[in-house]
Structure formats: C-alpha cells, structure tokens
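You will see chain A twice below: alongside chain B first, and alongside chain C after that.
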Partner chain A sequence: MSADHLDWLRREGRILIVGASLAGLRAAETLRAEGFTGELTLIGDEPYEPYDRPPLSKSVLLGMASPHHTELPHRWEVDAKWRLGIPASGLDLAAKRVRLADGDEVPYDRLLIATGVRARPWPKEDEARLSGVCVLRTRDDAADLYQRLKAGPRRVFVIGAGFAGSEIASACREMGLAVTVAERAGAPLVGALGGVVGAVAADLQTESGVDLRTHVTVTALEGDSVGRVRAVHLSDESVVEADVVVVSLGSQRNTDWLAGSGLGAGPNGIACDAGCRAFDFRGIVTDDVFVAGDVARSPHALFGYQFLSLEHWGNAVAQAETAAHNMICHGADRRPHLWMPAFWSSMFGVNIKSVGVPPMGDQLMITQGSPAERRFVGVYGYQGRVIAAVSFDSARWLEFYARQIERGAPFPVEFPTMDRRPEGRQPVAADFPDPSLPTHGPTVTLTGYSPADQQLVFHPALH
Partner chain B sequence: MTQAPLFQQITDFANRADPYPLYEELRKNPVLHEEEGGPYVFSSYYDIEALLHDPRISSDAANLAAAGTDTLAQAEETGGLPPSFLRLDPPEHDRLRRIANSAFGPPHRPRRVENMRGDMAAIVTELIDGFGDARQIDLVDRFAYPFPVTVICRLLGVPREDEPRFRAWVDPLVASLDPETRQGADAEFTKAAQEARMQLGMYLSGLVEERAREPRDDLLSDLVNSRGPDGAMTMMEVLSTAVLLLIAGHETTVNLITNGMLTLLRHPAILQRLRQDPGLSVNIVEELLRYEPPVQIVPQRTCITDIEVRGVTIPKGSRLWLVLAAGNRDPERFKDPERFDPDRGDIQHLGFGSGIHSCFGAPLARLETQIALSELARRLENPRLVEDPPPYRQNAVLRGPRHLEIAFDALR
Partner chain C sequence: MRLVVDLNKCQGYAQCAFLAPDVFAMHGEESLVYNPHAPEEQRERLARAVAACPVQAITADGLEDLAGEPGAGAAQEASDVR
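Moving on, here comes the complex of A and B:
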C-alpha cells in the first residue's frame, strides 16, 4: 500500500468493528492510541456497552458482583459511533460494506470482525424452550441464572463439565445448592486438560458435594404441565429431578452472518494469517478484513503452524491489539500474533491456570507438588518437547513453563525442581479423549488437522 | 590500581547515595561472576523476572548454608527460631505463607488492610500535627519511621509503647541483611544477631500466649488460632512469622516513604500535581517502586541444579544476586528508564519481587505510602531538601536515607 493511502486511512479512513465486546473494545482503543483519527464504528448485537464475561460464571452467580456491573474499563478514549443492539447480517467483500439486520449498510475501508462465540444451545428446540433451561454466555443469561439460583431450586443440573459447567457447579455448591453434573467423558475438564488432570477435578467436585455423573449423556429434558423443566433423563436410564438445567456444551462461532460472503468463515471460526488478516474461502489473504478474539483461528509457529482457536480472555485482548496495529500500518511494520496461550479459571476454591496448548500434549509429568494435595504443576509433552503446562493453586510458576514452551525445551523434564515428588519422575499418558469425538468443547480448538475439517467440500477455482 | 569487583562496589557504602551508575555498568554484563566463590549477579529485567519464577532456584536458608558461601546463613540455620517462609521453599513455604495470608488478605480477610485506611489517615495527621512550630524536621525520625511502625504494631497487635524495646532487637537483624556486614561478620556480630532474634522471639511469645488464651481482632490472634485446611502453625512457626512481619512490615515502608519524599522534592512539578490530586499517589507509588525500590537486591537465592542463563552455565549450589533495582531501570524493558515518570502507562516493576516470594505486605505498603505522600504534599507549605543527597543507611539491600532533613514554610 502506498504511503499516501496509508496516511489518508489513518487520518480520515473509515474503520468498522463488528462485535462490540472484549476484542472489539480493545481494538478500538488501540486504534485511537496508535493515532487513528478517522471514523470508527462499532456494531454489537447486544444492547450493552462492552462488558467482561469471566465474572459471569464466578462472582456474579454468587451475588458478589452484579451482572449489570461488569463493564470493561476503558483504557483509552475511543470516540466511536456505537450501534448497539443490532446484529450485522451480511458482508459484501467487493463493495466493502456490512449489512445490518435493520437493512442499513455501513461502508468501511478496513473491517475488524470480533463476533466471538455463542453458547451451544440444547439441540432439541422444544426442550430447550422449557422454563428453567439456561445457557451462560451473556449478561442477560447470567442475570437470569442468578435469579433462578437465588430462588433456591431443589436441584440444579449442569450438562457438560467443561470449564464453564464446572464453574457453575462450583458456584452452586458455594451457595449450598444441590447440583448434578453430567459429562460424556470420564471426568470434568478432560477436553481441555486430559484425563489425568480431569481425575483431580473430579475429586474436587465430588468432595465438594457435587453429584458427578461421568460416561453418560443427557437423552431428554422433561417438562411439567406448565412448561417448566422438572427432570433430566440420562443415557444410563437414570432420571434426575431438577428445577434448573444449565446447558454447558461449549460454543459455536458467530460466523453465520458471513455465509456466502466469500470469507474463509465456517463452524471453526474465521481463518486468518498470523497478522490477523482474514483469508477468503480460496485461502487467499484479504488486505482489509481483520479478525480477532474467540471467532478467529490463526496459525501459530510454536504449535506446528496449526490453526488455533482460543476461547481465552487474554488472547482476545492481545489479538485485538495486534489486529488494530496491523490495520493501520505498513506491511513491514506489521506484527504477528504469536501469543502464548494462557487460560485461567477458578472453581471449588482452586485457581487453575494453563499455558500453551494442553490438548496437543500426549504425555504429562507432575513436576511440582502433588495432585493429591491439589497443588501442583503438570507439564505436557508432545514429540519430545514441552508443549503446555497446567497449575492448580501454583500459578506463579507458570511463567517459567511458558518460557520452556517458547524454547521448545525437551520433554520429559529431567532437571530437578523444588517440591518434585517421586510420582513426578516419570511421564504418563495425558489421556485426552479421541479428538474426533464430540466433547463439551475445550476452550482451545486445534483445527489444522482436525477430522472435522474433512467435512469441507472442495471446489476448484472456476476460470 | 586495581578496581574492586563491581558487586563489592555496590555494597561499598561510598556508593550508597547513587548506585545507579553502577547498575548501568552491571547491565553491560547481565550475568556477572567476578570472583571464585562469589555470587552470580543478575541485572537485566527479563533475567531477574525469569529467575524469580524458576522452580530450580531455591530460597531455602539450608541450601544457601550448604553452598558454604555465607556464614550467617549457617548461623541462622542453627539459631533458635525456625526460618520464616521467606527463607523456605515449597511445600513448607506455601503452607506457612497461606496460613499467614488467611489472616491478612483475601479471601478470608479481604478488607483487613483497606479497613485500616481511616486509622492510617489519623496516624498521619497526628504525626504531621506533631511537627508543631518546627520549620525543619528529620522526616525519617519524625514521620517515615513512626508511621509504619505504628501501623504494623496495630495490625499485629503489638503494644506501640514496646517499640523502643523491639527496635533494639530489630536493628541488628536488619543490619545482618546487608551483604557487606555479612561479609565481615565476625563471631560476635553473628552471635548478637542470633541473640536479637531470640529476644524478639521471646518477647513476641509472651504476646502470642496471651492471644492464644484470649483472641482479639489482630493478626497475632489469627496466626495463633488458625485452623484452616492447612492446619495450624506450631508456636515456633507463629513466632518466626511474627518476627518476619514485624520487621518486613515496616523497614521497607520507611524507606519507600523516605525515598518517595526525596524523589518528589527532586521533582517539584510532580509534587505540585500530587498536592492538587491525591489520586496521583497511586501512580507515583508504583513508579517509585520501580525508580527507587526499597529492596534493591535479593541476595539469598541458590540454584539446586546447573542452570543456563544467556548461554552461561551456573553451577548447582551457586549463590545468585538478583539486583531488582538494576532490572527496574533496564532500557530493554522500560522506555526512558532513568526518568521518574508517574504517567508511564506500563509500570511492571520488580519493586515487590515476583513469583511465590513476591512481597506479602505489598497492599499494606502501597496504601501506607499513598496516604503518607499525598498528605505530606497537601500539608507542607513549600517543602524543600536541606541536604542532597541525604545521609544513607549502611544497608545496600534495604536501601534508604537514614535521615531526611526537610524545611518548609508552614503547615496547612
């Protein structure tokens, strides 16, 4: 791009951001901080200013924070046109316009897509409509679930023991509510952390009084005569009575609105290069469409250039900053988004954190502490190198392991560490489920070689 | 003429007032090992940060003693009280720090520090009112020392009037943290430091026994009566924790407040801004912790295996010095690092260390210093330094002025 054109863009170009949440806001701030003075528009389908989601499944459910007060603090004046409460419904790449659900069209010189993901709903629509059947993704969801929990249901039923489901179960126990968790796999968090660490999470749950059912699926939700949910039917033929059912089956990328646009967008997200530039459906990088946050999938050099989708708060921030930077600078000044994946969660009084991409690991070593004491660091290995680490109540060590991952340090971990226990001297199988089986949705998705990709229909270019 | 090794120049008192040129020298050789048996000295921000999170680096006094390079460590090891959690590794460190924290911070006592805001403001007001008609004072003796001492006494539940007694024991203990003093530590000094620790321990044990019988709303009561998932501390553990909190709970804050006022008086425009906007104290304190941190060096670490930093192999058992204050002004990390700039957006300093030993009392020290500096700025009319640089304490590790004479026109 010519320097003149770039100058013009920075001065008076039009930048449009679709998705007005964490990634959208941070991108807007970065654009202004880096000197963009043109016209900035943010489009969001939720009627709210950007707010923070992690508290929704934690302090909000406990009544320690109001669902209406988790607004994200602004780090920089964004001076933007906000169009909230209205979804984008289509994209015309050639004309550089985004269509809105109300028929309006917004032209842009540069577009950032940050539409995130939504909760995967209960697949049977009539059952999903029963009163008391909830999901948890938005502020409204959280307000609704909080009210239901506060009302003191006799039992809460959580479908899916991923991070969100487990956090919800934890909040229920903290409120003294009876809660059952059903999980298709053998333990909670297996999709994200594997079976060995999952077993620790399972102990945490059962010790806290959760009625944890593994290796089962929910077959049906049963309602009463006035349309309230009253029982859950399981594949082992048991029936559990419950007044609140939280469907926590992972997420779906918000890419439907891009259908037919020609962008490389689908159920796995929107493919982009390491500079956050979106690919079109032919695998050619676009120049003016950028992607950030949960909806993006981008290749990462540290992880074999596989396409990673990360449902991680920190990723949304870092990717948004990189995308914004790259949107308004010369090619030579562009930065790659090579963020070290990092995720945190807290449940049952334990702080859980991971770095790297645990589901890529096939082996695990406990290098510090002890799973039995619920304080440990586990290191994941893949093809002879350190690929990820997880900590339970030991987060302060993770920086060290992040560096080990960056360096491709050898696995197994041979050197001594403080508080290394005998059981941590040998690697064991990390025990991830077969990736072709559906799980509750890990927060990291590797889509480079995932079998799911083979559903693509191949259309050779037409000439 | 042979120049003394750099690391000895740092401990040399002659360089106390401005060690920063030496730190700059240090950073040219970020992994410095100048003497057989001497420490490996680290001065780059990123190296220090990494070492503070490295599970192969030990803080255990026993490991340091085993390395045989530190006589005092051996004495401390065999002395009366067990080592505090500051000088222990996991899992013991974690257990003790966790119990201590449950008496101090979230989740069990989330507001204990914040709830002292009113008390702190009252103490500050009283101290400043106490300047009376004086138009020149030693800020250390009249303010920067008594304020945090009063606060930590109140928090722990130690009677304030006993301060002169424990001060006599605290001083030799703090002196024993200074590398130069350690180097030259003779049998007598070692014995005196050990004595002081024992005496202080005995004094505190009286209080602790009282609290065991009759708990009050203070930290000592919580420590001795803790019954969390980690169980209880033994009596000896309570005592060494209390000694640690008492000493660390004020020695560093005295220096932070004094360094703070010194720095502000050297930057009158910022002092003026603080006077108008007390909220600026939050940023000022963070930037101070970067620019003039009270803990300059962490000299008590060893590696439990060979480690490699920047291609240099550091053999197992070596002693490491992490020069936090040098890392804090590392141009590789901070833009314009030699400038005191509270408007910096990005102040991730090493002032409180990092990793599992990161300063336990940070929330307390922050709040105390914010209140102290904003009140001094508000109430002193036309304050100025009488002597620059002021006379410093001997200690190179816990660095700060021994006196800070300031003059002003009136009290507001």
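Moving on, here comes the complex of A and C:
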C-alpha cells in the first residue's frame, strides 16, 4: 500500500469494529492512542457498553459485585460512534460494507471483527425454554442466575464441569446451596488440563460438598405443569430433582453472520495470519479485514504454527492491540500476535492459573508442591519440550515456566526444584481425553477447518 | 468508578485488599475478587491500591481529578460513553 493511502487512512479513513466487548474496546483505544483520527464506529449486539465477563461467574455470584456494573474502564478516549443493541448480520467484502440486523449498512475502509463467542445452548429447544434453565455468558444471564440462586433453590444442577461450570458450582456451595454437577468425561476440567489435574479438581468439588457425577450425560430436562424445570434425567438412568439448571457446555463462535461472505470463517472461528489479517475461504489473506479475540484463529510459532483459538481474557487484550496497530501502519512495521497463552480461574478457594497450551502436552510432571495439598505446579511436556504449566495456589512460578516454554526448554525438566520431593519427579501421562470423542470442549482449539464446513471443491493443479 | 484487574498479572500480593478492603478481597490464599464498580467514597483508597500494586495489574478510570497522585496515570483520560 502506498504511504499516501495509509496517511489518508490514519487521518480520515473509516474504521469499523464489529464486537463491542473487551477486544473491541481495547482495539478502539489503541487506534486512538496510535494516532488514528478518522471515523471510528463500534457495533455491539448487546445494548450495553463494553463490560468485563470474568466477574460474572465469580464476584457477581459471590454477591461482591452487581451484574449490572462490570463495565470496563477506558484507558484512552475513543471518540467513537457506538451502535449498541444491534447485531451485524452480513459482510460484503467487495463493497466493504457491513449489514446490520436493522437493515442499515455501514461502509468501512478497514474492518476489525471481534464478535467473540456465545454460550452453547441446551440443544433441545423445548427443554431449554423451561423456566429455571440458564446459561451464563452475558450480564443479563448473570443477573438472572444470581436472582435465581438468591431465591434459595432446593438444588442447582450444572451441566458440564469446565471452568465456568465448576466456578458456578463453587459459588453455589458458598451460598450454601445443594448442587449437582454432571460431566461427560471422567473429571472436571479434563478438556483444558487433562485427567491428572482433573482428578485434583474432582476432589476439590466433592470435598466441598458438590454431588459430582462423571461419565454421565444429561438425557432430558423435565418440566412441571407450568413450565418450570423440576428434574434432570441422566444417562445412567438416575433422576435428580433440581429447580435451577445451568447449561455450561462451552461456547460457539459468533461467525454465523459471515456465512457466504467469502471469509475463512466457520465453527472454529475466523482464520487469520499472525498479524491478525483475516483469510478468505481460499486461504488468501485479505487486505482490509482484521480479527481479534475469542473469534480469531491464528498461527503461533511456539506451538508448531497451529492455528490457536484462545478464549482467554489476556489474548483478547493483546490481540486487539496488535490488530489495531497493524490496521494503521506500514507492512514493515506490523507486529505478529505471538502472545503466551495464559488464563486464570478460581474455585473452591483455590487459584488456578496456566501458561502455554496444556492440551498440546502428552505428559505431566509435578515440579513444585503436591496435588494432595492442592498447592502445586504441573508442567506439561510435548515431544521432549516444555509446552505448558498449570498452578494451583502457586501462581508466582508461572512467569518462570512461561520463559521455559518460550525457549523450548527440555522436558522432563532437568533443573532441581526448591521443594523437591521423593515422589512426583517422574513424568506421567497427562491423560487428555481422545480429541475425537465429544467432551466438554477445551477453551483452546487446536484444529483446522471442520471438513463438514468445506466451502470449496479442491481441484489439484495439473503440471 | 470502574476498575478492572488483569488477573494474569495479579500475583496475589494483596496490597489492594489491604489498602481498599471494601473493593478488593482475597478469596482463599491467592485468588483476588473485587467489585469492578467501586463506590465514589472509595476513590482515594482505590487510587492508593492502583499505585501500590507491585505488578500494576489494576486499571481504573474516574481517578483523573487525583492527577498528580501516584497511580492516577493508570486512569488515562475520561471515558466518552458514560
């Protein structure tokens, strides 16, 4: 691109951001901070200005914060036109326009897509409509669930023991509510952290009084005569009476509105290069469309150039900043988004943190502390190198392991550790579920396209 | 006043929970929970907590009239959508 065009773009171009949550807001701030003075528009499907989601399953359910007040502070004046409460419904790449659900069309010179994910609903629609069947993703969801929990249900049933489901179960126990958790896999958190760490999470739940059911699926939700949920039927033929059911089955990426647009968008997200530029469905990088946050899938040099899709708070911030920077600078000044994956959760009074990509690991080694004490660091190995680490109440070690991952340090780890114990120095299988089997999805997707979603016919070239 | 804590950065030093206990609390040994919408009367304590965080994990707005105080730098400029 010519310098003239870029100068014009920075001065008076039109930048459109679809998605007004964490990534959209941080991108808007970065654009202004880096000198973009043109027209900036943000589209959001919810009628609220950008708010923070992690508190919704923690502080809010613990009664420490209001579900109506988790709006994000602004780090910079964004001086934008906000179109809130209206989802985008289509994209015309050739005409450079985004269509909105109210029929309006918004033209752009550069587009950033940060539409994130939504909660995966209970698949049977009539059962999902029963009063008392909830999901937890938005602030409206949180307000509804909090009210229902405050009303003192006799039992809460949580379907799915991923991070969100486990955090909800933890909050229920703190409120003194009876809670049952059902998980298809053998333990909570196995999709994200594997079976060895999952077993520790299972102990945490049962010791806290959670009625944890593993290796079961929910076959039906039963309502009463006035349409309130009253019982949950399980695949082991048991029936659990509950008046609140929280469906916590992971998330779906908000890419439906891009169907037929020609972008490389599907159920796994929107593919983009390491500089956050979206690919079209032929695998060719677009010039003016950028992607950031949970909906993006980008290749990462540290993890075998696999396309990572990370539902991590820190990724949304870092990717938005990189995308915004790259949107308004010359090719040579562009930066790659090579963020070290990291996330946190807290449940049952334990702080869980991770760096790297645990589901890539096939082996696990406890390097500090002990799982029996619920205070440890586990290091994941993949093909002879350190690929990830997880900590339970030992977060200060993670910075060190992030550096180990960055430099491809050997696994099993060779350095002596401060609190070396006779047990636990041998690597064991990390025990991730077979990825081909359906379980509660991890928040990291390591896949390419779903073959079922193929949008073109492949004809090998004749040479 | 709105605030957010980058819990990737947070190392559980608990300085914020010590300086502004009505806004921040430790939950268990090292998890932090906080009220992302701190009441106005907490302004000064919040500013101190922002300044005291050893890893600078707290971002808050609405502290701009404390400019000159340590920690006000994190507030940047006022929001345009309030």
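Heads up, the rule we're going with is that the second predicted complex is superposed on the first by the 447 of 463 C-alpha atoms of A that agree within 3 Å, B and C clash if a C-alpha of one lies under 4 Å from a C-alpha of the other, contacts with A are read in each partner's own complex, and residues count from 1 in each chain.
Operating definition for what follows: a contact is a pair of C-beta atoms (placed from the backbone, for glycine too) under 8 Å apart; a residue touches a chain by one contact, two chains touch by 3 or more.
From a predicted model like this one, the values you see are computed outputs, not experimental measurements.
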Once chain A of both complexes is superposed, is A:Phe415 in touch with chain B (first), chain C (second), both, or neither? first
Thinking of the overlay built on chain A, is A:Glu77 touched by chain B (first), by chain C (second), by both, or by neither? second
What is the contact status of A:Phe400 with respect to chain B (first) and chain C (second): first, second, both, or neither? first
Any idea whether chain B or chain C touches more of chain A? C
If we overlay the two complexes on their shared chain A, which of chain B and chain C does A:Gln368 touch? Say first, second, both or neither. first
Tell me which partner A:His69 touches in the superposition: chain B (first), chain C (second), both or neither. second
Quick check for you: in the superposed arrangement, does A:Lys58 touch first (chain B), second (chain C), both or neither? second
For A:Trp257, decide between first (touching chain B), second (touching chain C), both and neither. neither
Let me check the overlay on chain A: which residues of chain A are in contact with chain B and also with chain C? 375, 396
What residues of chain B sit close enough to touch chain A in their complex? 49-50, 53-56, 58, 89-91, 94, 304-305, 354-356, 358
Where on chain A is chain C touching in the complex? 49, 52, 54-55, 58-59, 62, 64-66, 69-80, 82, 313-314, 317, 342-344, 346, 348-351, 353, 375, 393, 395-396
The chain C residues in contact with chain A across the complex are 1-4, 6-8, 10-12, 25, 27-31, 33-37, 59-62, 75-81
List the residues on chain A that touch chain B in their complex, please. 367-369, 373, 375, 377, 394, 396-400, 403, 415-419
